[in-house]
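Here the chain labels run A, B and C in written order, and each chain numbers its own residues starting at 1.
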Amino acid sequence: MPISMPAKLSAAAAALIALIVLPQLTSGYVVYLANLMLVYIILAIGLNILIGETGQFGLAHVAFYGIGIYTTAILTSRYGVPFPVAVIAGMLLAGAIGFLLGAVSFRMRDIYLALSTFAFGEAMQWVFKSWDAVTNGPNGMRIPQASLFGFRITNDHDAYYVVLAVAIVTVLVTILLMQSRLGRAFRAVRESEPAALALGVNVRRTKVIAFTLSAVYAGLAGGIFASFSSFIHPDSLGFTTTILVLTMIVVGGLGSIAGAVMGALILGLIQELLRQAPSYQEIIYGVILILFMMYAPKGVIGALKARFSRSGSAAK
Amino acid sequence: MTVTPFLSIKNLTVKFGGLTAVNDFSMDVMPGAIHALIGPNGAGKSTVFNCISRYYQPASGDILFRGQSLMRTPAHGTAGLGIARTFQNLELFNGISVLENVMVGIDAALARDGKRLSPRQMRSEAEAILERTGLANYRDEQADALDFGHQKLLELSRALAVKPQLLLLDEPAAGLRNREIAALDKLLVDLARKEGLTVILVEHVMQLVMSISDRITVLSFGQKIAEGLPAEVRQNQQVIEAYLGREGAAA
Amino acid sequence: MDWQLIWLFLQQGVASGLVTGSIYALLAVAIVIIFKTTDAPNFAAGELFMAAAYVALYLLVFLALPFIAVVPLSLGVAFIAAALFYRIVLQKIGSSAAVTVNVVIATLGLSFVLKGAVRKTGVGDVPRSFPSIFGNDTITIGQAVLTLQDIGILALAVVSMTIFFLFFNFTRTGRAMRAVGMNPKAAVLVGINLRRTRMLIWGLSGLLSSLAALLIAPKILMTADMGSVVILGFAAAIIGGFTSLPGAVLGGLIIGIAENLVGLFISSRAISVAPFVAIMLVLVLRPQGLLGGKVAVKKV
């Protein structure tokens, strides 16, 4: 049985209230974590558009995240650009580069696409590490405090409502987008290119749009990260982080927005629990990926759906 | 008085590597007709469909749709001209619901007509199409949960959602039970006679082909070997040989 | 730079390039045989390579076993580990085109498990060096200087690839593997056990990775991140068109030589980004690889 609309709405309202009162109840560190998870949610939703919805195996997501962070940090610190403008600039730059990457790789499938986007991600990390004049190279870069319409964001509490608002708007906009004609075109391309073509879907353009959009989300996540974080190091912008985001959408359920949100929360928590033991972190991500592919390839959401429909049909 | 053909295939030749799949094939389809394209397996029928829908690029020849060449139309442009198709080996959007499969077709029609629908109108339009093809009860199933015959019907529903003027059906009756074939028979006749749709039908179920076709073209090894009214084609010696083999025909 | 120096660099670059290139060729073959026969890329190839090197190091240094025992043991462990991964994990996931993404994710999972496991043992915490059986004497070919170890690596890599090709082309099992690569359905019809053959191929691929590891380990510093060298194996495979074994070998040698020339003529800093740029350029210009055929249009 599908869950009824009023039930969904009241659950959403309850969650919203909990999210709004959260900073009043907890310490600064928990709020920082909450901010980070909201950023993960935006990252995961963006990657899900490309991999989950459109079926294009892009592995360069973190490169666009990095572009968002660096653009925002550099524009605000060196050129005095207002924070919101800098974030939008980061989104646009990430989107433009994502567009180019999509435009040159639309002919590649599966493994080739995975390899070329992986290579692009590694090359971008190399740029972050080596372009000393712009990114301060391997030493990392300080991110200045953001200010929003004259209001200075000095701590995690200040940032929280901004981050939360952006994340909620992102989720809502994405839900609408995925129910639109474009969303259906994404899924059509994922499921069958010949059929998509026969139904008037411009497959090439749709793939490029998915690449661009996904990069814009990552750029946004980067800009938002810059609002509450004070430092960025290129080591954190490597393949491991892409795999972390990939694990989020796989665990949640590829092709589902709720799944991406859930996966971001689950993996964000696991990452936090494993903070003290980075080597366990790798093993556990690995095991999670393998086990989910073996026993729940459609993720938590898929497993829940299967369970609901089974109990529903048993009731008939 | 001559009527311009709705679709005119002129000297179509398709090659895969060194192999000639379709050789110098021509065929005219009249508006509002149900035109069957039959022949043994591997004769090149689906290849002809793939050329009309611009999925394959022929080595030579031309295809005119309402007098205009299709050769400059991209593969994603045929739906906009009013051409819809189904696939022999199923190309459904497996991972999404039956209803959403049809909605992708409706999207194509809306884009062509420059219209928009609210989500509610969209849903009711998709449901109306599924009602017509007998799949209404399955609307919330995932497409790959249907059995083969129903998947075939879903492909037909999705093509109808495009509101096409020309419908290319590749073995729509495969996997259907007799009762369902009868319903399909009636549906196709309705579409052609009442709504003026032109249908090209590739089909092995001869009972269906003979009962509804206005005209039949027979392909064998990429060549046209016969064309005419159902009664004429049925009597044609070459057609019998192509289907049964030389010995079978002599026996 | 005068002509004499350029000529010297060229000779040295080609000679050293052939040595490292033969390792990339082994890795590329390990990647390609899996892709050819199961349609799945093995993104764990690099970590299999890395883990195999550590297994050998452990046997040799920590258990003090003799070389003669270490080599077959390490190869055997890699063979069994890779075959088991196929048997236990990938068979469960399935191997249709629809699940390629799932298979890729599972192999990424394996790569993380292996890397984490090596770090966890503590052996991988500090860079280590692997003892060599060849001396460090040098010989000069033309004007290029190679160590005996280099010659040994190249010779053993060539010999093992030759054995592999003979096996692949002239034995019953090898022919079964090729048949599975060309047309799995037809292979089943002529009585080939698909699962067993694919499992063997995974095992063989693991064995090849571990062979590459044994050969190159004495030449490099071992760390848990050394598997990243596999990107050069992927680059080699891509150049070779991803489904051609001779192409993979040729690709490996090209990459090896190019890498050494970039290092000699441009800068060692550029080496670290060159393979990625090369992979992207090749795929953008020729999505089917340099030596690959035309991009196939999906049959409908």
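What we mean here is this: a residue touches a chain if its C-beta (ideal position, glycine included) is under 8 Å from a C-beta of that chain, and two chains touch if they have at least 3 such contacts.
These numbers were taken from a predicted model, which means no experiment stands behind them.
Give the identifier of the chain nearest to the protein's overall CA centre, each chain being represented by its own CA mean.
Given all protein C-alpha atoms shown, the central chain works out to be A.
Which chain's centre, taken as the mean of its Cα atoms, is farthest from the centre of chain B?
Looking at centroid distances, C is the chain farthest away.
If you tally the C-beta contacts for A-C and for A-B, which one comes out higher?
Between the two chain pairs, A-C has more contacting C-beta pairs.
Just the number, please: Cα centre separation of chain B and chain C in whole Å.
48
Rounded to the nearest whole Å, what is the centre-to-centre distance of chain A and chain C, using the mean of the C-alpha atoms as each centre?
Result: the chain centres lie 33 Å from each other.
Roughly how far is chain A from chain B, going centre to centre by Cα mean, in whole Å?
From the centre of chain A to the centre of chain B is 42 Å.
Pull out every residue in chain B that's touching 2 or more other chains.
55, 87, 91, 94, in rising order.
What residues in chain A touch two or more of the other chains?
Only 194 qualify.
Could you check chain C for residues that touch two or more other chains and list them?
Within chain C, residues 300 contact more than one other chain.
In their complex, what parts of chain A are in touch with chain C?
The touching residues are 51, 55, 57, 104-105, 107-108, 110-112, 114-116, 119-120, 122-123, 126, 130, 193-194, 243, 246, 250, 254, 278-290, 293-295, 297.
For a test of understanding, state which residues of chain C touch chain A in their complex under the given definition.
Checking each residue of chain C against chain A gives 35, 41, 43, 89, 92-93, 99-106, 108-117, 119-120, 231, 234, 238, 242, 269, 272-273, 275-277, 279-280, 283-284, 287, 295, 298, 300.
Taking the complex as given, what residues does chain A use to touch chain B?
Residues of chain A touching chain B: 179, 181, 184-185, 187-188, 190-192, 194-203, 255.
Show me the residue ranges of chain B that touch chain A in the complex, using the header's touch definition.
53-55, 74-80, 84-85, 87, 91-96, 100, 103-105, 107-108, 110-112, 119, 158, 162
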